[in-house]
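Read the structure below first, then the notes.
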């Protein structure tokens, strides 16, 4: 089938920052994203798990964006602005997409 | 370690279509997949979040298939048939897998 | 923006093995990972879904590690040791990361 | 007239309605208050089980009166016919496409079980009894409207979009199975069964309903916020007129069938209410081209709040006036 | 004989059992009815807390009688020995591999706390009292069977597959900790503590049990559907014979130890029931080669429904007949 | 003195406290016992709704006495001022950075609603009444402390890190909206409303509180285990001294304002308690450089258990002694 090149950006970030991040992404022209739950993890700031949390301050989510290559830089700059001071991981992968007219 | 080339197909689709999609994939010879929950997202049809839903009509899931390259086209055609009229995103990535005899 | 090459390893494994896997990864020098929930799936051992489970014996999770290329083999060997006898899938993808100093 | 207003006011100043209003306001004010999905679903299972069980116990206690079959058939017919009336009204009042109008129409033939539950709790509060089998009538009214909607789309080619799998999904959807199943359990175990579990399904019922409606308010409010601009004035007018029209048709039907005053009220409520769970799911499968925010906003954002606050006391007053009950 | 049948029938036509049957039928009919995982886990926490607490209060009220220690030891021995009997029966009745048979055997030495809860609620309904510390006996019986199963696999090399971590996980698994913890809280706070929370843990108990068993029925039914063809007739026969054999051994043990009629019944139920939470988890870690659908289907799909519907009234009748209680 | 000890002991041997201790021990012993997130959140919604509603009903019953406004203002001031005292103590007792110290200080000006709920349940158990509007005072005390903390960081540049969006999030956070909303519903529907739902929000209240505190114990225990070594002895001392200091300031304020003995106790509890939900969330947004495990461990791992077990009976005894109530 006919596919097209695109980028898949995954931003792992604290739940409380989710809305700020997606608002920023939208201002940077990102038109689509999906949010995945994260159950727990470990990093420089130690290990955590959703079951060990009482506060909405502490869970994390993954924000996944499929985006055209030419828009990648705008997205990364917007994301970086929000993620910069916060814990979080940003990865970029090459993907092929069906129905590219959607992106 | 010994790894093998394969494809990772991620189909983001409405929950109500999940069973129809996996049934179709199975008829197309797909032998394995995993389902991930999606908490919310945004796209051409607007933003949504699981907390804002009362109906089983409206959540989404990701169906993830690891598949050999030679079977990719059969999978994509099967997926497309289901996804076509529905909202949803299909991406394909190159991956290496351990224990390739499983796929 | 400045990005760096890395590897994204996704290990789909039974929930009960999660702690054993992450402990093993940590001993192998892995410093960060995230855990994603899996709602259901299908493979050689049949189909399952979280709703059809009463027991903590039966759910699955995805352990996602972003790791430098040079550490990949240590990770895979550690993971393989745990996954070997158990059901589970291991995939590796090339990714670019922001803030590489973190990995 | 002041009687109806007093009644409406009394209905409004109840914990149940105010909880809904609280949820609505919180969502409109963009508070982050949320009821977890699992907790909301757990409460809905509780409510369906309780209402079905109590209906079954009532049937076991009073026996089946002769109107049962007639009411069931009346319910089937109402559910199948109301979408045509709704469709006609939509074509006059709004500029919705044929497909969107048909999808909306299907919702209004079907029912909202939470509206039904709220109505039974109002009736109970005012000491008006009703036929226990009305929960079974509610179950019967869920599905036929969907077929009518699909028929409206295919203009007579009937069922092209309806496959066996979808049919099974609709008939065996969780709410129907639970409601009807609990009804049979209640009918089988009767007063004795009720005694064993009444401190679970009777005593805390109204309280659980409050928290459930809090969540409904949150969801309705979020829906309204997200779909601002989706509905024009004509659509909103439909969302308020249609339940009134439906309730009057339900009133006439209930009188013909010979229901008690309480039963008439419940048939009015069923006819007036619009589905926001079963029918949207079916429409997403069968009519993916129809815009979900139109039918969800109308049903959950306009008609549900209307029925809950103004509709129910109005229907109670009307049926009391007409039946002299 | 007709006495037992009447009893069985009375047991069957209770909201608790019928809720289970409803769940089973809904799942077999492929309804999409589901109880959210979090709600089900929440209910199981409620049930464990309530049953443990009430046991503790009973002990605080009646004091510890001399049979406590003896019953504890009896429980340990039963749990450790029953797997050998189960294993022998499996080798005769089925063609399961050594590893699968050992894994299954481990489940039948251990216990199902929900079956225990259902039995206490039947006893309560019939006004038969029992030793409060039986919940502690239940806790004691969870783990030893796992060691026996692993021993059976390694044919004497004992524990090769058992590491310290797994041992800790089994001993401190959530259900045991909650059950035993609540038992001690009940024992420490006594009647006064019970008075403070009885409208939470006593009054709605049976009702919560209904909804919980509804979910168990759904899960068991889905399991049966997904694993069609896994079990042959020999395996199914084992799933029904083994609980009867277990209950008889429990009966003898209870009489030797000198339990009250109610206590004897509960020891029979514990011996007859099979684990479907703690043991499967341990087996997945220690015996990943064993096929989980064999042991889960047998324990949850065959033995659990059997015990719930026919087993419990049978055990009650037997112990009444033998003890003359 | 022995009076206080007896009281503390009686408080300790209650199902509520022992449930918390059970959770704490289970987590420290690395049991896998967990309460699902959705169930815990569901229970917290229940508790907030119930406590708010009952407060509103009390106000409807007794009318508003003149101290309402004064107490509200006092709460605002306490919340704004306590962080400065906490900050000063932290600089003396610990070597925390300015930012970490300010973040911690913000938590101690704000409040823990669960500690408040536990205190009302102790007061109720001992037949001490209090002003119904204290729940509104609790709501008022949540936010000002956050502003003080941010002011402490920016040493006077005030609010640089506070934007409108964060302000809105803090003021309309779910807990506040639910608590205040339920308060108004209770005030509007009064005794009649309470009668309709009291078997839901009154009868099972203490029992739900037990299970909720079981989860709090689990979370606190896991937090303590994960952050071993985060706190030195000075920090722990702060976590115990600060609530005592806070309670004394609350005592003085309550006396000045002219609250009843029960009201004085509750103001002491509010002053003594530290936030672990609203403030941490705000701090993660506004002060991401501050180390969350410092403030969470102190507030949830040290001060919360201290208040629950020793603090509350101490504050009750103190206020009784001083007011002679």
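Letters A, B, C, D, E and F mark the chains in the order given here, with residues in each chain numbered from 1 onward.
In this section, a residue touches a chain if its C-beta (ideal position, glycine included) is under 8 Å from a C-beta of that chain, and two chains touch if they have at least 3 such contacts.
The model shown is predicted, which means the values in this text are computed figures rather than measured ones.
> Where the contacts of subunit B and subunit C overlap, which chains show up?
A
> Counting one step for each move to a touching chain, how far apart are subunit A and subunit E?
Each step joins two touching chains, and the minimum needed here is 2.
> Which chain has its C-alpha centre farthest away from the C-alpha centre of subunit C?
Chain centre farthest from subunit C's centre: D.
> Compared with subunit F, which chain's mean CA position is the farthest off?
B
> Since subunit D and subunit F are copies that touch, just let me know if over half of their interface numbering is common to both, same, or not, different.
different
> Fitting the CA atoms of subunit A to subunit B, what rotation angle results, rounded to the nearest 5 degrees?
C-alpha superposition angle, subunit A on subunit B: 120 degrees.
> So, what's the distance in Å between the C-alpha centres of subunit D and subunit B?
Inter-chain centre distance comes to 35 Å.
> Distance between subunit D and subunit E based on Cα centroids, please, to the nearest Å.
The answer is 41 Å.
> Please work out the Cα centroid separation of subunit A and subunit C, and write it as a whole number of Å.
19
> Taking each residue of subunit C in turn, which ones touch at least two of the other chains?
Touching at least two other chains: 36-37, 49, 56, 93-94.
> Give me the residue numbers in subunit D that touch at least two other chains, ranges are fine.
32, 34, 36-39, 42, 199, 203-204
> Using the contact rule from the top, write out all pairs of chains that touch.
Applying the touch criterion to every chain pair yields A-B, A-C, A-F, B-C, B-D, C-E, D-E, D-F, E-F.
> Contact residues on subunit D for subunit E in the complex?
Contacts found on subunit D: 36-39, 41-42, 45-46, 49, 53, 168-169, 172-174, 177-178, 181-182, 184-185, 188-189, 193, 196-197, 199-201, 203-204.
> Could you pull out which subunit E residues touch subunit C in their complex?
So the residues of subunit E touching subunit C come out as 34, 37, 40, 165, 216, 218-219, 222-223, 226-227, 276-277, 280-281, 283-285, 288-289, 292-293, 296, 300.
> Which bits of subunit B are touching subunit C when the two form their complex?
So the residues of subunit B touching subunit C come out as 1, 3, 6, 8, 22, 26, 31-37, 61, 66, 93-99, 102.
> Enumerate the contact residues on subunit B facing subunit A in the complex.
12, 36-44, 49, 60, 62, 73, 76-77, 79-80, 83, 89-94
> Applying the document's contact rule, which stretches of subunit D touch subunit F when the two form their complex?
For subunit D paired with subunit F, touching residues are 13-16, 18-19, 22, 25-26, 29-39, 42, 125, 199, 203-208, 210-211, 214.
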